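Below: one structure, written as structure tokens.
Chain lettering (A, B and C) follows the sequence in which the chains are written, and residue indices restart at 1 in each chain.
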Amino acid sequence: MGSKNIDRRTFVEAMGALGALTVAGATLGTQPTAAVAAESAFPAPAKGKPVEASVDPKTGEVAVNEDVVVRYSGCVGCYCSCGNRVKLDRETGSVLGVGGNPYNPADAYPFLDFEAPLTEAYQSLSYANGKGNLLRGTVCGRGNGTLDGYTQPDRITAPLKRAGKRGEGKWKAIGWDQLIKEVTEGGKLFADIGEDRDIMGFKALHDTETPMNPEEPSLGPVSNQLIMLGSRSDGRGNFSSRFASTFGTINAYGHASS
Amino acid sequence: MINFQSSGKRTLANLAAGKLKIDVIDCTLANGSVTPTIPGINWIPIKPATNAAFCAALVQKIIADKTYDADALSFTTQKAAVAGGYGAYTNATYLVIVDEGHPNHLKLMRAADAGIDAPEEKDKDGKALDQFVVIDAATGQPAVHSACGKGALEFEGEVNGVKVRTGFSLLKDSVNEYTMEEYSEITGVSVEDLERIAKEYTSHGTRAGICHKGGSAASVNGIDTVMGAAVLHAIIGANQMIGGNAPNSPAPTTAGNGARYKLGTIAGKPDVSTKNATYISRTVKAWEKTDEYKNRVAAGEKDPKPLMPWFGNGAASDSQALLSIVNRYPYQAKILTSFMCNTLQATPGAMRDEVVERLCDPEVLPLHIVCDVFVGEHAQYADYIVPDVTPYESFGLPTTGTTFTGYGTTVRWQVKEPESMLLDDGRHASWETFLADVAQACELPGWGENAIKDADGKAWPLRDACDFYLKAVANLAYAEEPVADISDEEMRVQALDELPESFKAAVTAEEWPKVLNVLSRGGRYWPMSYVHDADGRRSRGFEKENQTYYYSEKRALNKNCYSGKRLPGVFGYNPETFTDLSPMTDHFSREEYPFGASEHKPRFRSISMLSNSPVMRDLCSHNYIELNREDAAALGIKDGDKVRATTPLGDVSEGIAMVRAGQTKGAFALAFGYGHQNYGAQDIEVDGAVTKGDPAVAAGVRIHQMLDPTVTGVTGDDVISIIAENDAASPGRCGGMFKIEKA
Amino acid sequence: MSEKKLGMLIDLSLCIGCNACTVACKRENDVSLGAFNTWIESFDVERPDGRIARANVPKQCNHCEDAPCVKVCPTNASYRADDGTVQIDQDKCIGCKYCMAACPYQVRYQLESGEVQKCTFCHHRTSVGLLPACVSTCVGYARTFGDLNDPESDISKRLAEAKGGEVLYEDLGLHPALRYIGLNETEAMPVASAIHRGGNVMRPYEG
């Protein structure tokens, strides 16, 4: 009965969110599923998610739940750049939950030494005497909620091309190769919806010699008319700035001043 | 960016132990450390856009009481400061040319101005170093700053026949422009509190600091807050001292030229830089340095004015870039890309019909490509949407916020297989995949085969995110001392032996077990003792040279592109102005528009994210217009009433009133991140199938700041320009002018 | 030594109202939208010195020793487990809602299916030695969890320093396993705003 109820609750929650939706035949943002053998030392709880491990409250002895993988990583719930802990179903690879990273000084203070074994990290999840109550890795409400935000069913998983006027909200799914070909080659990209305009693609714009405006050469070459926005203290800006500098634009902006 | 988790844990523990005292200067009492029963902390309400007045009041009191650390302020070089037991120095003793007729008026005096024949000194790149002039504290004679350890703090007189003053003496005048009572009136903070805090702050040696970030400077006069806090740190010699202020957070080189891979060096890169190109955000270059200015002057135009403001001292600004794009000035954007960001929604006052209309016009913006996981405000107006990966599926090596004074870096990595489209070659669709493919199609250097050199000169390919970021992780694993290899058992526990082959192929076989060790901990942080020495300073070479500008030559010389006005080189309180530096109150009546805005970070949303989370909406369905209870009573507004805040130009922010004691008088507060138009709030049609939008995503209100009436519709009929910081170019988020009434 | 008695201690001086606990609980236990196993009541107060502070009071099942919900349950669906916590056996629950009416802390709610739910102290976690989801992610380390019957446990040591802590509605004599530090002092201060449950208004401010 317990598992039946979980299924129903999950269903209701998903319906309450946005209703059923697929975008371009994409897979849905999966909700975690329990896949644990009945004879497991850690049977799936009737209520709640599978546990990471058991920890003896007196001795601190750790027995890891082999069905669950705990990995440590970074949070992008806001711009603070904390660490995080991601709990995964070993079989399906789906995310069961998130938490804090005891090795990261943003999440835990005091924090675990880099060389401390992972068993100490498991102990920080427990109430074993002198362990998790004194040193535990945490993430805030936003960090916990981020997982919910990113697992909504309206996630885009395939490239979309405008199928109506800009801003009209009409799209068609296209393949990856078509996406790359169209944006790099340019041309009359929206002729199918009656737009006759010839659009400059990346290849044509990648002119690092000709001034975009001969009257004002200090504005830079044609290639400087590529403008790139993005990066939320997420450490991904390096990739964008590498592209910008090799393409020949200085216009790569972090999402900081706004 | 402040890391609230880390600072929160430590401040709470130290407050509870009675080891710490804090005054929280904020327009709004947030949920935070000011709990009813914790000792040692007070909330001091302050009016928005007046933080500099608060700092100036403190400096005035500290100078009057002579409670500043004269030693710390007098050191003329880093070397002298370190020898004297401190971690940083200031230019408070450097002489400033105040002779109006002098060609170098407002500049710091150089050896040549003083007639001092000093031997030239060069930095490690062979660039000649500036030789500033001070009055040697030991001799009372002018000297080059590097030739004497200490300078005189106060000097006003002539050197070599040129009228000069020290930065410190100019600062003293600046902070004395208002009385303590006037500062109290401006800020809303009582004289008693101003004086108490000034006294407390100077009663703990170098173990005091000001934690100021984000919102404190997010107003049109925000730079004075930053300068004021810097002055206050240096006034007690607290920079780079434990318990004081950490002006820089050292981190090992990861995505640059690190221990194993040269990720920062790209052979054959085109020569495009700020030397021969201009930011579309009109920053880093002064108006009079532009070709447009020169051309117009050459054509006989006297004192030409630009269509939109230029910010010579401002850094690259995404907000200003967005406004430039819709105005097609100083040039047109041919292609706009963005990933996982929402500059449109986050720029106060920018998300309005006129702006959206132009973003929708291919004549204005020919090609717009957005990479995201949801159809947010940018994606809504895109031509193509590239599916991105989530933070659980992407790589990144961000450093923890500046409140962490230790050493290390967080690693975010692909802990689960991305759910974005699987490509034929085994990669998943993402921003990185998109860039790599476009780069290779355009045959850009530094992509595809032989893109990245390792420490031994061997070349590696770059086609996917892991090719780049796992090399950055290797740099981290080998920084300082290489980490140990991961044990077989730990590899198995985290299923690291099941990671994709492409990960393993991105580094050498020798590096791989060390890379895994770093991944298994989500980064690498050294123990605190690694960077701190026994007497409480940065050690082991982590103590970078740090100079605080008591006098900023750059700011003093920055001429406003419309009015030609300049702001002083020393910090002080400058009331809110529009772009031409005319006070807002010259244009509109403060009596009629008595309120400022004070935006704050939300707990249940994040910047522009999380309004699509049903759980977060369940916790808080919308934000509020937060009002002080006395202000509300005077306006006849009750808790829960629908109210509207209106600017003199008719911009309306409408929401539900939260009437409370925890909001400063004279300002209303908003948690940002609410008031979306898209992000799931709108209908989406894909291949003919319509998904209805959920209006709950759009609930709440975002700030509608007015456009700048000295630019919008003035310099050109259809120019749209936001109110912004005169130096930094950042948007005027807090402050402004509003009237509030029941809706 | 006596049997295990699991308890939770919340030091209100350290609760910053970030709601990490609330979100973690909802995700861990798949709590239905509109329902909460734990929540935080946040409001402005006037401190005795005249300054304003922000109070955050987390609430959830108190796991009372003399639990009225257990007493009134006609089918023994609500029961006290070996570790001292109050649990619900869903197979026995007939959805009569007696327990909901009996709980002075108003922590129980009924799902559309008829099932009654509440905080279990994350029984599935705490029964194997792990912290409940809310404690495990508490940013300010305001929440402490453990065995009240073990004098060496972290919670017992903290409670000893706090002279046993305080409980909600002490006069009812229910002996809750949820203890607070700073509760009475906080509640003595005049409220100066609406009371929010999370970020939603629970009780408007009358001024």
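By our rule, a contact is a pair of C-beta atoms (placed from the backbone, for glycine too) under 8 Å apart; a residue touches a chain by one contact, two chains touch by 3 or more.
Quantities reported herein were computed from a predicted structural model and do not represent experimental measurements.
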Distance-maximising chain from chain A - centres being C-alpha averages: C
Most centrally placed chain, judged by C-alpha centres: B
Rounded Å distance between chain B and chain C, as computed from the means of their C-alpha atoms: 40
Centre-of-Cα separation between chain B and chain A, whole angstrom: 24
Inter-chain centre distance, chain A versus chain C - centres from mean C-alpha coordinates, in Å: 32
Shared interface positions of chain A, touching two or more other chains: 13, 16, 100, 138-141, 145, 147-148
Where chain B touches two or more other chains, by residue: 5, 9, 13, 603-604, 614-616, 619
Residues of chain C touching at least two other chains: 18-19, 22-23, 27, 33, 139, 141
Contact set on chain C toward chain B in their complex: 11-19, 22-23, 26-27, 33-34, 42, 44-47, 51-56, 139-141, 181-182, 185-186, 189, 192-194, 198-201, 204-207
Residues of chain C touching chain A in the complex: 18-20, 22-24, 27-30, 32-33, 90-91, 111-113, 115, 120, 122-126, 128-131, 133, 135-139, 141, 144-147, 150, 152-155
For the chain B and chain C complex, residues of the former touching the latter: 5, 8-9, 12-13, 16, 29-38, 42-43, 45, 603-604, 614-616, 618-621, 623, 629, 633, 638-640, 658-662
List of chain A residues in touch with chain C within their complex: 1-2, 5-6, 8-10, 12-13, 16, 42, 45-49, 51-58, 97-100, 125-130, 132-134, 136, 138-141, 143-145, 147-148
